[in-house]
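This is the structure I want to talk about, given as structure tokens.
Chain naming follows the written order as A, B and C, and within any one chain the residues start at number 1.
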Amino acid sequence: MSSPSALTLDDIASRFGGEVLGDGSVAISQVATLENARPGQISFFAQQRYRKLLDACRASAVIVGPDGRELPRRPLLVCDDPYVLFARLSAYFNPPDPVEPGVHPTAAVAPDAQVASTAHLSAHASIGPGARVGERTFIGPGVSIGRGAQVGDDCRLFANVTVYHDCILGDRVMVHGGAVIGADGFGLAMDGGVWRKIPQIGRVVIGNDVEIGANTTIDRGALDDTIIEDGVKLDNQIQIGHNCRIGAHTAIAGCVGIAGSTHIGRYCRIGGSAMIGGHLQIVDNVEIGGATAVPKSILKAGTYSGLFPVSQHQEWLKNAAHIRHLDALANRVRELESRLADLERKST
Amino acid sequence: MSSPSALTLDDIASRFGGEVLGDGSVAISQVATLENARPGQISFFAQQRYRKLLDACRASAVIVGPDGRELPRRPLLVCDDPYVLFARLSAYFNPPDPVEPGVHPTAAVAPDAQVASTAHLSAHASIGPGARVGERTFIGPGVSIGRGAQVGDDCRLFANVTVYHDCILGDRVMVHGGAVIGADGFGLAMDGGVWRKIPQIGRVVIGNDVEIGANTTIDRGALDDTIIEDGVKLDNQIQIGHNCRIGAHTAIAGCVGIAGSTHIGRYCRIGGSAMIGGHLQIVDNVEIGGATAVPKSILKAGTYSGLFPVSQHQEWLKNAAHIRHLDALANRVRELESRLADLERKST
Amino acid sequence: MSSPSALTLDDIASRFGGEVLGDGSVAISQVATLENARPGQISFFAQQRYRKLLDACRASAVIVGPDGRELPRRPLLVCDDPYVLFARLSAYFNPPDPVEPGVHPTAAVAPDAQVASTAHLSAHASIGPGARVGERTFIGPGVSIGRGAQVGDDCRLFANVTVYHDCILGDRVMVHGGAVIGADGFGLAMDGGVWRKIPQIGRVVIGNDVEIGANTTIDRGALDDTIIEDGVKLDNQIQIGHNCRIGAHTAIAGCVGIAGSTHIGRYCRIGGSAMIGGHLQIVDNVEIGGATAVPKSILKAGTYSGLFPVSQHQEWLKNAAHIRHLDALANRVRELESRLADLERKST
């Protein structure tokens, strides 16, 4: 695969924005960290705590914010949002691998499956009856696409992904290794001493431009569908229960669990290892901190947290024990207030 | 696959129980939610908060509880437990896909493996030496059954499941995509500055009628076996450590971690993202809330919780800081009590 | 596979250490638990709470610590650390399966991949272009090794493991079923209302003697590499974000999540379901308890905890509500202190 050609710093400014300070003719062929950049590379500087790294940095140029204009002795690209400009530039220098059309001889394709001629099926991929794979879509080794499932155009499903029957993926969906889309939701009714399974006859329906992390699981709906809207980004090891709806452009970090039938709004951000209960509503633009448990709906946009703070073990032993007696402590304070008020009355 | 034939509401009552109110001759061919039911379908109504959905519902009939007798203008099926009746009816209308006997040409079966003639091996399944696959069992694409492992009758193992050597699955066991059964437990001894691995020579032994969710992992025992008893239901992304025993008919929601050698009783219910420590005992009929950490044994049936409550971030900042000083706060209250008692004595 | 031959207790002492008390001529052929040992087996006893099991134990000999010298009527092997001696002995009696060289006919090996002649490729394994597999390495069924990835000597990758392109595994690395190494890190920039993906062009570089549990995920670096140093042991279902560095001989229990760019020192121990935030530094020799959230760096060795304690549900309801009002409670205590001091001044 050939790499994109190098750009001068002036070229970069005219293509991607920003103002050049210093020598705009330096050639740039890759992005890199402050720590490991080499000449010919560009780095970005956004936080003062990395100032020492900046001073030692060997990059040919650095992307900085408006407050970086005064930085010394080096070609700079000044812009409003260095991280976004860096992202655009990295996307230019590091385009995704091209998809080579073709079906590996070990792939198993059902006779009535529809696989676009521009798609790539890797070794040991399995495409079920009636399934569809769109144009320029990459299906990795060991991926299983179930009966009647549909994968849109320009998707990339990496090794050992499982898509169950009848699920639908839009265009430009990326699914990382080991993710499982459309397994049965956890639907059970206790019937005379045994759990009776409730058939899960809904699907998972995923919009466009969604990314799904490694070993993430999204369950199919019990009756209606589980919905992942356009532009949703899911990190690794996330569990999304049946009949959830995740609103467009919401981003969820690793290890989050979302119980069934919860609806999450658009542009939410959920921190790693958070846990969201079932049958809840989270409105648009809610940010939830890492390791936070959400047992009730959040009906107002804003930032929410609920992480129990770590301590040295001996301190924790002392303090955590009081949690179990907070109600008693509050009662003692109330009694003190009342007794003190009595005494104050008498003493006047 | 042919669908089961439609039933009249009267038929349903005579097969599955309940009392018909209104026109018992309406034909029903599927279950559906209140929100999306169409004529010819039956829905169920169990919670008053969905009353608006009920009023707009287009279902031909609705299953209701005893308190639903007065609901207006629609054929009703009144019963004691609408959810259970709904579950039975859904199972009738949505039977599992029949298993078509056969071995896909790409499956790899060891010469001395025993695969029942009524079983189905999908593409790229792999059955190790001496392994057994029972009658009418479905083995999905990319499933690996290790050397000497046994899978009973009427099981369903979906795509990319891994069963390690010598593990045993009973009858009617369902395992969802990506689950791993029988990987080594996490057994290590620190020996002169390096971790020495302790061979994990036990197995995983799973009873009948167990369901295991997508990407769930159950480790093999160190010496003795890890045991999952009959009727246990495990959701997705659960981790069960070596030498655990999970009692019959216990249900565990997604993302729960259970450390090694913990024994959990029968008919327990464990909420999502709970974490159970190692070497503990949890008796029968214990219910543990979601996001609850259990660091010690629970020896009495009942409901247990331990979730740190979410707050708006600013409130959380104010309150969480006090957690680290609870011991000091309790000491200050104690001192106040003593000083106030002194003062009260003096003032009388 | 032939089992190692039996040893007398005297043989064991001379090979693995310890002092024999009682009959040193008893033959031992396997290790076992106190509960299930049979004659011909050796067990170990380390905790007084298992004393009843010891009394009923049928093992031919028992490994005990220095305080076990007085235990009655049975051949004993007395040593300083019974668990370590047991581990060494178990490793002797239970060596790993030998790796039989060969490539299964269903494996897919790219023409320019380099697979050692002593390696074993199982059914449906897939080795990408330019990838390398070292001497005596076992590649399980359905494993995918991406383009240019390198797996060292004497490794074992169990079924359905995914190694992405260009990642590097050292020697004697064990990876359990379903683990995913080198998927894209979660790198996104919000750019005009949509998330722009930041290409993840780093690798995962794993040292020697590392063990990685089932369904664990380790993301590739954004620019630089994600590093797992020698001797690290990772349990199941762990998520390690991009650009983390895990120091040598650190052990991490199941379900832990570590956000991106966090560096963890050597010889740390992290309990199950802990959550470590991003861009943090944890120094060497830090022990973090289970279910503990770590939102800030830990710069001093020691033991840290932060688990919110479980309670009976009714108690929890009473106490947890106060968490949200701790700041108000602390203010009330401060006001009481001030009012009481006033009163005390007056009364003297």
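Quick note on the criterion: a contact is a pair of C-beta atoms (placed from the backbone, for glycine too) under 8 Å apart; a residue touches a chain by one contact, two chains touch by 3 or more.
Quick caveat: nothing in here was measured; it's all calculated off a predicted structure.
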Would the interface of chain A with chain B count as same or different, where same needs over half of all numbers used to appear in both copies?
different
Here chain B maps onto chain C under a C-alpha rotation whose angle in degrees, rounded to the nearest 5, is 120
Chain-centre distance (mean CA atoms) for chain A and chain B, in whole Å, is 25
Hey, what residues on chain B touch two or more of the other chains?
106, 124, 142, 160, 178, 215, 237, 255, 307-309, 311, 321, 323, 325-326, 329, 333, 336, 340, 343, 347
Quick one: which bits of chain A touch chain B in the complex? Just the residue numbers, please.
106, 108, 124, 126, 142, 144, 146, 160, 162, 164, 178, 180, 183-184, 186, 188-191, 193-199, 201, 215, 217, 219, 223-224, 237, 239, 241, 255, 257, 259, 275, 277-278, 287-289, 292-296, 298, 302-309, 311, 315, 318-319, 321-323, 325-326, 329, 332-333, 336, 339-340, 343, 346-347
Help me check something: in the complex, which residues belonging to chain A touch chain C?
31-33, 35-36, 81, 83-84, 86-88, 90-91, 93-94, 96, 104, 106, 122-124, 140-142, 158-160, 174, 176-178, 209, 211, 213-215, 231, 233, 235-237, 249, 251, 253-255, 272-273, 290-291, 307-313, 316-317, 320-321, 323-327, 329-330, 333, 336-337, 340, 343-344, 347
